[in-house]
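I'd like to ask some things about the structure below.
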Amino acid sequence: MPAGAGGDRGGVARADLPVTVIGWSLAAVAVLAGVGVLAALVTPRRARPVFVGAATAGIGVAGLVAGVAALSGQAFQARLPGLLPLVGVRLEVDPLGGWFVAVSGGVLAAAALYGIGYAGGGHGPSGRSTQAALPVFAAALVLAPAAAAVSTLLVLWELMALASLVLILAEHRTRPAVAEAGWWYAVLTHAGFVAILLGLVLYSADAGGDSFTDLRAAHPSPALRGVVFVLVLAGFGSKAGLVPLHVWLPRAHAEAPSPVSAILSAAMVNLGAYGVIRVGLDLLGGGSRWWWLLVLALGAVSALYGILQAAVAADLKRLLAYSTVENMGLVFLGLGAAGTFATSGAPALAALALAAALLHVLNHAGFKALLFTAAGGVLRATGTRDLDALGGLRTRMPATTVLFAVGALGAAALPPGNGFVSEWLLLQSLVHALPAGGAVVAVAMPVAVAVVALTAGLAVAAFVKALGVGFFARPRSGAAASARESPPPMLAAMGLLAAACVGLALAPTAVGPALSRAVGAATHHPATVIGGGVSLRLAGIAGTMSPLLIAVAVLVAIVVCALATRLASGRVARRRAVPLWDCGAGPPTSRMQYTATSFAEPLQRVFDDVLAPETDVDVTPHTESAYLVARMAYRVRVPDRVEHALYAPIGAAARRLGRLGPVLANGSVHRYLAYGFFGVTGLLLVLAVTR
Amino acid sequence: MNGAALIATTVQVVVVVTGAPVLVGLMRQVQARLEGRAGAGIGQPWRDLRKLLRRAPASPTGTGWPFRLAPLLLVGTSSVLAAVTPLLSTASPLDHTADLFAVVGLLALGTVTLALAALDTGTAFGGMGASREVTILALVEPTILVAVLALSARVGSTNLSEIVSTTLHDPLRVASPASLLAAAALLIVVIAETGRLPVDNPATHLELTMIHEAMILEYAGRDLALVELAAAMRLSILLGLLTSLFVPWGIAGADLAMLPLALAAFVAKVAALGVALGAAEVFIAKLRLFRVPELLAGSFVLAVLAVATSFFFLA
Amino acid sequence: MSAFKLWRKIRRTGRTAEPAPARPNGPTCPKAVALHGSVQLRHVDAGSCNGCEIEIGSAFGPVYDAERYGARLVASPRHADALLVTGPVTRNMAVPLKRTFEAVSEPRIVLAIGDCAIDAGEFAGGYGVYGSVADVVQVDVQVPGCPPEPAAIVAALRGLTCR
Amino acid sequence: MTDISYPLYLDLASGLFLLTAVGVLWRHQLSAMIRLFGLQGAALAAMVTILGIHQHSLELIVVAAGLGALRAGLLPYLARRALGDTPAEARETRPVVNVAASLLAAAALTLLAYAVTRPLVALAPSPATAILPAAVAVVLIGFFTLVTRRRALSQVVGFLLLDNGITATAFLAADGVPLIVELGVSFDLLLVVLVLQVLTTRLRTAFGSSDLDELRELHD
């Protein structure tokens, strides 16, 4: 256990570094990151993924330990002055941060284990730079929620952004789409970074100190608070993939190597939500209602748009990425509701809504990591992500199919899945809000409920498609027909994630105390939000539900029903294998099956006005007669409408701006020197005038 | 109390299982009479089921556990629903297990398993049916949950028994616009969920117009019997739920003495509703699939109006 | 408005189904014993002139109302216990008929409706005609006539359901 | 009627009043729209009657009778006359906003109406003002119909919905309006319908249909 090494590393500031579990594990994170990078640089290509993966998994486990310790009530504060010039590094893990540290840690551990198996057989990234970036990314991911000062947060944030960019670009040599995805990601994540930077710097300038304690103590003017919140919301929103800042997400998450996709989609996007909670609720302490109605609206739009795109997507990983947009939308919807209730004097409901949002972060991390790893297994086995070319994997990859089904159950928010529990909490908080606040709430809540409901319904459609078309029925291509089951490490990782999902689904009350602590840390109102043993009880609301009992009851009913039919059917009636019913005309080929596209067609037609799909039909007639059709091709694609409507004009403007470049920089050295000269003199002039 | 409640719940399940096919038979009989026919009698669905249970189930080439499991899961979820919804007694021991949201979720779970089974067969009709079914399911969800919101807003709880007993205690509430609108919205939703006219035609032979039927074309014998039974159970549970929510009179509490009365009331109410639905189906034709969203949007409007009234008339 | 018109029509028409003839004693074919008053039928037109189809249609219409005896036409042979086969089996329909027969689960009953189905009738020896139904699948019940009376078809069905 | 049941009856009447408006958006058949409009007139009359009985004012009851005769009897009759029996006229084939979308819009408009009338209701909370939102919602929905429907006749219906809403608002907000004003409004409504009947018959003879977009051709 490299914790010992962690000891003398932490020696930099042993003076005020209390020796606790959290301290040791955070130190271990730092050390393991170093070890991982070292391993990536020195070890040979074959062995590289194993060492790096082990180090990353270690980081994940350490993070998990730290988070759980923080959630069980331990406090941790540390100041490492020597580590960062001028300001030094401040770390603090409170239950709120601990929640996110734990989530990231768990996801990282599983994904790293998965990555070891994934890299076997020449799959996945094994290049030096990529492998070196992985532990750095992991460490930044785990440490970012532990930052207790603006400067520390920003440094870790940028570190995370750069490392993840390297990881996303891992396969850019083989596929041009990767480069494009990386480009989108780089632009949007840095625009977001700038927004966060501006917001927090304004805030800390006003507060006169950059540690979170200073910020909490400060009392900026309402106008400034509003500006800060909007800037920060834009920044963190772009990280969480809120519409219309989501454009990078479906590209990057689909094009990144699958273990990385899992980390991005299950761990990194959460930090967007963390940032909004930390700054909006904790530091700024609630603020005014319109902030949260804005958050609510953004969340609702993201949830609907994301799941609509997912429902019509034919690319498995793209579908999962859009479902991430949807789930982040639901989380932000919960945050918005929480803020709205808090600002209209209903703290209990606010706590409930926030608890729902946090629990959904956890549940989403569980099933989305599982789904992405399973999808990665499919991609590794078949070489395609196109649902229209998959199918029949139930027989070829039975374990992966079952694991994907577990994840899909959670993602479709059906009982007894883990997604259902958090959406149930969310709905409870929304439903009981009706008598609470005034007309605004009364108009907003039904809309919110309707959005959540429609989202749930469309999620069912999307994941029935993903599972039924992608894994069931018969193979639609040779690649799918010759698929082979994933190697044990991958299955083990998926198994861990699936176990977590099942646990969360059946015993959500187990995380009740931790959840209550996290919520208390965010709202400064410590109270138990959800309790109860077998059945889920809420503070102040009569609604109860017990996923465990539901699952047991359904199982019992199935067994009873099976026995009863056995008895009723008597001695006869042995199940017999028969050919498919083909209306008498020859066995149906696999090309006669419904594809993902045809499955989604009715939905696409219903939401025509929103999605604006592009269809084109080209008919090639026979040579002898124009009336005889030789070939007919029908193509339909659903482009991301926001991207077309919003980003195309911006890109055009940027291009026009770029044309100025040659004019200013025409290659003459004198002109460049002149720029410098005039710059300096101008600056001096300004100083002279102002002073 | 618990023993009595347990008995009541078991009676509930037994009544639903045995009575559901009879309800279907009753609706068919009403339609037959209105069409000037004699009709096969209300026992006919049970005769069909008895015969189907004795016949061999088939597992077509290429189908696997999703196809095999779906009928059992359908009946399983339906019987759990029959146990948790307060049809005869509000004192179900399982009441804390599932509230209205969970009930909606279990209904959706049943639909989804059948859709997955249909996709598992890999036939064109199966895929078509599954695609249409989940589309309608997705569009129905908002109406249901918003109507639930309208119902539970005043009670302050989404637990079924609480809603029912609150309605029992002040009957005037039933006639309030909020609950009437909610009732209308939920009725449309129930029709869509159970695949009756004008959304789906349960008696069609034309594959291209099918929704629910298209998904079960490959089932035979015992499996088919289970699917049919589950469909009938879902119909009667949903109709029963409607009656419990909007005309709950006669529902027993914890004491067994009330149970026979409750049973009679339940049977009468559901039978009346079934007869009304069956008769109405004689007068209407199936909607085009792409006109169905209009119907569901209409029901959604009704639900939203219900919420608005239920909130604003509180003032 | 039209609903009211329809309602008045229904009221004026009343019941059109004719009173049921005497109930048959015992099933006419041994396989029908397990049916217990319920038979699901899949209709296969193996090349008929559609005369028999019209008669089958009226057999299930309001006047004869075969459904009251527990017979029902279904959409898939998987749901069926028996096949209603009409017409001489054409060369193109021979294989589909066989497949449909195999798609019905045991015990399967085949009713040959009309003379053409029994022995290719008028069309016997036609260049496009494969033969009678019995040449493709084994036939259990024969309903002669060209076309057979709806009453005859109903009687055959009652022989299966014993109601 | 007792004072306990008075709000209930009022609520039911207002519920019918609002539902018929939504129904007009829901249906394609012009004849169905007209029927719903007649039903709404009846609901309006019922509302006013209930008010009258509750306030023991004979004038209100008389006005209600007049309203019923006009809104539930004469106007629908004239509208059906204007509809004629040519099948091309019978349906609102492709409204500017499709039906599902306009239903959602109706829901939004209702919520809006409820939100904006809250202060008004708070001014004088009474069973009569409590259903004011429904009346305002009908006004908005009528306006929406007027904007988004193509057929001349469905636009007339929309206009009549608008007027029904205004009337209801007037009766609920103030305790009834002077008889003469009401009569004046109704009479110019009558005129509108008559004029439009002439116009549509002319249009039908001229172009064979009364799609308002074709009126542009009259310019050149």
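General remarks:
Per-chain numbering from 1; labels A, B, C and D assigned in written order.
Convention: a contact is a pair of C-beta atoms (placed from the backbone, for glycine too) under 8 Å apart; a residue touches a chain by one contact, two chains touch by 3 or more.
These figures come from a predicted structure and were not determined experimentally.
Both chain C and chain D are touched by A, B. Highest inter-chain contact count (C-beta pairs) belongs to A-B. Work out the mean CA point of chain A and of chain B, and you get 36 Å between them.
Averaged C-alpha coordinates put the centre of chain A at 50 Å from the centre of chain D. Mean C-alpha position of chain A lies 60 Å from that of chain C. Multi-chain contact residues of chain C, defined as those touching 2 or more other chains: 76, 78, 105-106.
Within chain B, the positions touching two or more other chains are listed as 54-58, 217-218, 221, 293, 300, 304, 308, 311-312.
Looking at chain D, residues 101, 111, 114, 118 sit in touch with two or more other chains. Chain pairs that touch one another, listed by label: A-B, A-C, A-D, B-C, B-D.
Listed in rising order, the residues of chain D touching chain A in the complex are 98, 101, 111-112, 114-115, 118. Remark: chain A residues 576, 578-579, 581-585 touch chain C in the complex. On chain C, the positions that touch chain B within their shared complex are 3, 6-7, 10, 13-17, 20, 34-38, 40, 62, 65, 67-70, 72-76, 78-79, 81, 105-106.
Chain B meets chain C in the complex at residues 32-41, 44, 47-48, 50-51, 54-58, 204-207, 210, 213, 217-221, 224, 282-283.
Interface residues of chain B facing chain D in the complex, by the touch rule stated above, are 172, 175-177, 180-181, 293-294, 297-298, 300-302, 304-305, 308-309, 311-313, 315.
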